[in-house]
Amino acid sequence: MELFGGINPAVLIASLMVAAVPILLAAIGELVVEKAGVLNLGVEGMMIMGAICGFVAAVESGSPLVGFIGGALGAAALSLIFAFLTQVLLANQVATGLALTLFGLGLSSLIGQGYVGIKPPLTGEVPFGPLADIPVIGTILFQHDWMVYASIAVIAAVWAVLRYTRTGLIIRAVGESHDAAHALGYKVIRIRVLAIMFGGAMAGLGGAYISLVRVPQWTDGITAGAGWIALAIVVFASWKPWRVLVGAYLFGGITVLQLNLQAAGARIPVEYLSMSPYLITILVLVIMSADKSRAALNAPAALGRNFHASR
Amino acid sequence: MLILEKRPSPSRFWQGATPVLAVALTMIAGGVMFAILGKNPFEAIRTIFWDPVFGEFAWYFRGQLLVKAGPLILIAVGLSLGFRAGIWNIGAEGQYIMGAIFGAAVGLAFYPASGWFIFPLMVLAGGFGGWLWAMIPAILRTKFRTNEILVSLLLVYVAQSILSSMALGALRNPEGGGFPGSRNLSQYPAAANPEIIAGSGMHWGVVAAFIAVIAAYVLLQRHILGFHIRLAGQAPRAARFAGVSPDRLVVLCMGISGALAGLAGLFEVSGPAGQISIDFASGYGFTAIIVAFLGRLNPLGILLAGLLMALTYVGGDNASTNLGLPSASIQAFQGMLLFFLLAVDLLSNYRIKFLLKERA
Amino acid sequence: MKTGTDLLRVEGLTKAYPGVVANSDVSFTIKPGEVHALLGENGAGKSTLVKMIYGLVKPDKGRMTLRGADYAPSEPRAARASGVAMVFQHFSLFEALNVAENVALGMENPPKMRELAGRIRQVSQAYGLPLDPDRMVGDLSAGERQRVEIIRCLLQDPKLLIMDEPTSVLTPQEVDILFRTLRQLSAEGTAILYISHKLEEIRALCDEATILRRGKVVATCTPRERSAREMAELMVGAVLTPPAKNAKPKGAVALEVTGLSVNSPIPFGTSLKNISFAVRKGEVLGIAGVAGNGQDELLLALSGELKSARDAVKISGAAVGEQGPNERRVLGLVSAPEERLGHAAAPDMSLVENALLSGSVRKGLTTRGFIDWGATRTFAEEIVKEFDVRTPGTWVAARALSGGNLQKFVVGRELSQAPSVIVINQPTWGVDAAAAASIRQAIIDRAADGAAVVVISQDLDELLEIADNFAALNGGAMTVPRPTQGLTIDEIGLMMGGAHGMEVAHVA
C-alpha cells in the first residue's frame, strides 16, 4: 500500500460514505423524476439552492434539522418553476433545466451574500454508544451523522415504492407512455409535477448536506458540478435505485481518495488529481452507454418528451 | 378555465414578439427583485439598461459593449446550430478555455520573435483547441451513444483544472516573480489582438463574430446542410428519411461550435484579458446558451441578443459600482430572462383560450 | 320505446373542435347483450363519440343515460366504475411493463400481483385467449396485445364493452376467434359497441348498426338485412368505382432482394430474416401482414435508412445494400413510410420545405448544396395541384393538413419524381374512401408507366385490388410471392401466420 501511504482503509470507507451523500440524494431524486418521463437537467441549480437555503435556515434557527428542511423546501420551490414551465407551458426540458441551473447559481450567490465565512450549527453523530467503538466496523458503520443513514433509507424506500406499490407502477407507466396513461385516465401532468418536486427536495437535501456537513460553510458555486455528476450516476445506474448507491459510493471513493492523495503530498500535481473524478465519471458513462441493449431497455421510453392532451 | 390549443402553423408574429415580451417581463420581475434587495427598481433598471448607452459615461461603456458581445455572439452562433439539430453542446465554456490555452501557447512559443504569421497561427490554434475539446463528446456520442450534454459539461471542470495548471506551470510568466499567470499577450505586438478602431471596442473577435453571423444565416437559409440541421432537430426520423447521417451531423455541429468557442477564447486571451490566468474563465460559455435561446437560435436574433446580454454585463458592473447592487444579481437576472423566454415561447405554437366554467 | 330496457341511451351528443364539428346531434341506443356497430369512414367522428362515452372527452351538448340513470363520466375511472370498458386501437399499453402490470393499471382496485396473475390465466382460459401474465408486453404480437386489453376489460365485469377497430391488427383466423369470444360475451349479457369501417365483419357480427358521416347519424339499420354495398354508400355518401388495373406484360427486374437479414433498430421491433423477392417493371407486389411483423423494418431496409449486406438489395442490377437513401434515389428508388408526420414529413415545416425533404436529389433542387427555393416552390405547387391536396397554400405547416391531404401530398411527392422503383408502406391508412381511391389509382398508373412497385399494407382488400403478386410478412420472414388472382382468404390468412399460437386453445 505504498500509494496510500498512511491512509487507513476503514477511515477511507467511512469518509467516502459521507462524501457520497449529496450526489446520492440528488441522484435518487432525479431517478424518480426520470422514471416519470421527465429529464430535469437543473439538478445543479436545485442543489445549490438547497445548499444556501439550508445554510440560511440552519444558521438563523440554530438547528441543523430546520436547515435540512429549509434546503429541501427551497430546492423544491425552485423545481416548481421547472415543473410549471415544462408541464404547463410545454417548454423544452433541456433548455429549461439549463436555465434552472444558471438561475439557481445566480440566486444562491445573491442570497448567500451575508453568509460568507459563518460556521453553521454542527450536525452531530448518531450516538451508537459502544457499537461505535468496535474496531473497523464501528468506524465504518456507526460513526456517522443521521443524514448518512437517512440517505440509504431513501434509496431503500424508492426501490420498494417503485417495485412493489401502485404509486410506483403509476410513476413507471407515466414515464413509459404518457399517451397510454392518459387514455386510462391517469393525471399525467399532476404525477409528473409531484415527481419533479420530489426530485427537487432530494437535490435540496443533498445541497444542504454540502453546506452544512461536508464543507461546512457557504461559498459561491459550492456544489462544483455535483449536480451534473448526479445526473451521470442515474445513467450509470441504468435507472435502478440500488445501483445509484453503488455509483455514488464509487464516486465518493474517488473524491476522498484524491483528496487524501493531495493531503499526503502525492507526486501528481493537484490539478490533475482534482479533475480525476470528472474524468472517471466520463469513463463510466462511456462504458455504460456502450452497452446498447441494457441502456435502451431500462431508459423510460417517454423521457424528455412533453405531454399535451390534444383530443 | 385556461385551455391551450395547438396552432395549425407556428405564428410568425409571436416568433418575433416573444423575445421582446420576455425582456419586458424580466425587467418587471427584475425590478421586484431589486426592490426586495432594497434598491430603487427604476434607478436600478435605468443604471443597467439606459446609462451604459446614453448616460454620462456612455463613451466608455459603448466600447465595453462590443468587447463583451463579441465572444457571446461568436459562441452562441456555434451553439445555435447544434441546438437546432438537437445536439446539446453545453460545454462551450471548456472549449473557450482550451481555445485560449492552445492559442496562447502558440503565441508564447514564439516570444519574443516578431512576424506577421504569428497571430494568424494563434487563431488557427485557438480554433483547433476548441474543436479538439468538442470532439471528445462528439466522438463518444457517435461511437458509444454517450450523452453529449453530460460529457461536454463535465469537461468544463476538467478544462478549468488544466487552466489553473497552465497558469501555475507550463505557461507561467518566467519573469512574473512567481505570480500565477502567463506573459501579457496584449503587450506582445506579434501576438496581440488590439482594438482596430481605438475606443470602439472593436477587435478581431468582434469581426469574427459578425462574419459568423452572416455565414450561419446563409447556411441556414440557403444551403441544404442548414436545411438538414433544422430538419434533424424538428423531426429526427424525417431527417434520416431525407438521407441525413445523424453521426455526421453530431461531428459537424459539435465541431463548429467548439471551434467558434475556441476562437472566442483566443481573441479574449490575446485582447481584453491579455493573459492566461486562473480566473480567465468568466462564464461566457454559459451565458452564450442564454444568448442563443434569446436570439431564437436565429443568427440575426443572436446578434441582437448578444448585444442585449452584453448590456446587462456592462450595466450590471455599472450598477454594482454606483448602487452597490451585488454582481450575482445580474446572473440571476439573466437566468430569469431565459425562464421568461421559455415561458412565452409557448405563444408561437399554442393559442391560449379562457373558457367560462361549464354549467352543470 | 321504454327506456327501462335500454342499457345505454345517447341523445343529441354534440362536440366541436376549432374548425371541425366532430359530432353533431348524435343519438342511438344499445340494449343489454346487443352487439351494436358504429360504422363510418375515417374522420366521421366515431372516435370522438366513444371517447365521450368513455369519459375522455366532455360533450358540448346532449345527454347520456346508462340503465335509466343519468350518465356523464368526468373521467375514464368513472366510466369504468359504471361498467363501461374500452379496448383501444392504439396507445393504451406500456411496452416495458409486463402483462399483469398492464392489466393492473387499467383496474380501479387491483388485487395483489400474484392473485391477479391467477385471475388473468383463469379468464384467458374461459374465453379462449391464451396469455402469460409475466411476459413483457413489448415482446407480444399485435393480436396478443389486443388480448391484454380485452382481458383487462373483462376482469372488471363490464356491462358495455367498447371495441375500437379491433380487427385491423388480426389475421383472418384470429378475427374468427375474436368473434367467437365476442358472441360468448354477448350471450352472457354484455353489450358490445363495435367500431369499424369493415362492412363484411359488421354483417357477420352485429345486431344493430348506427352509421355516421361527417359527425352526423345518417342511418340506423340491421346489418344482416342490408348488403355491404348499401351500407358502403350510406357511409361514404357516394358511389365508388374501383381502380382499373393494368394488364400489360411486365418488363425486366427492377428491384431484387436476396437474403435480406437485418436487426431492427426499433426497440421491441422485429428483425428481418432472410427475405428474398424480385419485382419487375410494371409489376405491383403487395405485402400483407399483421402490424409489427417487420413492415417498418422492410421499408427502412429498402429506402436505405437501414443498411444491409451490399448484395442484399439491388436496384436495376446495382448493389445498393450499403448505400443511403439519397444514393438510392439517384438510381430511381423512392419510398413513402407509414408514419406521415415525423417520418415522411416534418410537422412544423412548410409544404415547400417538405417537398425539398425527399425531392432535392431527383428534382435537382440544389446546386453545389445551395437551395433553389423558386424551383422547390414550383415543385410543391405541382404536387398540390396534381394530387388535389386541399390546403390554403404551400406555405402552411405539414401538421396543419388533415391526414388524408397530407398522405396525398407525401405520396404525390414521391410519385412525381419519375421513379423506377416505388416502395410504399400503408398508402391509404386513415384516409377517406375518395382519397384512398385516387391514391391507389395513381400507384397503378405509375406501374403502367413502367415502375416496379412494392406496396406494404395491412388492408387486405386494398392489396387484392391493386397487387399483381402477393406475399405476407410473418415474424420478420416473408412468404414466396404468389399471383394475387385465385388466392382465397383462407390461404392469405395462413400466409400471414394463421392464428398466432392459438390453435391449441381452440381444438374444440
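Labels A, B and C are assigned to the chains in the order they are written; within every chain, residues are numbered from 1.
FYI, a residue touches a chain if its C-beta (ideal position, glycine included) is under 8 Å from a C-beta of that chain, and two chains touch if they have at least 3 such contacts.
Worth saying up front: this structure is predicted, and the values here are computed from it rather than measured.
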**Prompt:** Looking at which chains touch, is this a line, ring, star, complete or other?
**Reply:** complete
**Prompt:** Is the C-beta contact count larger for A-B or for A-C?
**Reply:** A-B
**Complete:** Chain-centre distance (mean CA atoms) for subunit B and subunit C, in whole Å, is 47
**Message:** On a C-alpha centroid basis, what's the spacing between subunit A and subunit B, in Å?
**Reply:** 28
**Asked** Distance-wise, how many Å sit between the C-alpha centres of subunit A and subunit C, to the nearest whole number?
**Response** 45
**Asked** Any idea which subunit B residues touch subunit A in the complex?
**Response** 4, 6, 37, 88, 90, 140, 143-147, 149-151, 153-158, 161-162, 164-165, 168-169, 286, 289-290, 293, 326, 328-336, 338-339, 342-343, 345-346, 349-350
**Prompt:** Which positions of subunit C touch subunit B when the two form their complex?
**Reply:** 18, 58, 303-305, 324-326, 329, 335, 337, 339, 342-350, 353, 356-358, 360-361, 366, 369-371, 373, 396-397, 399-400
**Message:** Using the touch definition from the top, list the residues of subunit B that touch subunit C in their complex.
**Reply:** 5, 8-10, 222-225, 227, 230-231, 234-235, 237-238, 240-243, 245, 358
**Message:** Taking the touch rule as given, give the residues of subunit C at its contact with subunit A in the complex, in rising order.
**Reply:** 17, 48, 51, 55-57, 75-77, 80, 88, 91-97, 101, 104-106, 110, 267
**Request:** Spell out the part of subunit A that touches subunit C in their complex, as residue ranges.
**Result:** 166, 169-170, 172-173, 176-177, 179-181, 183-186, 296-297, 300-301, 311
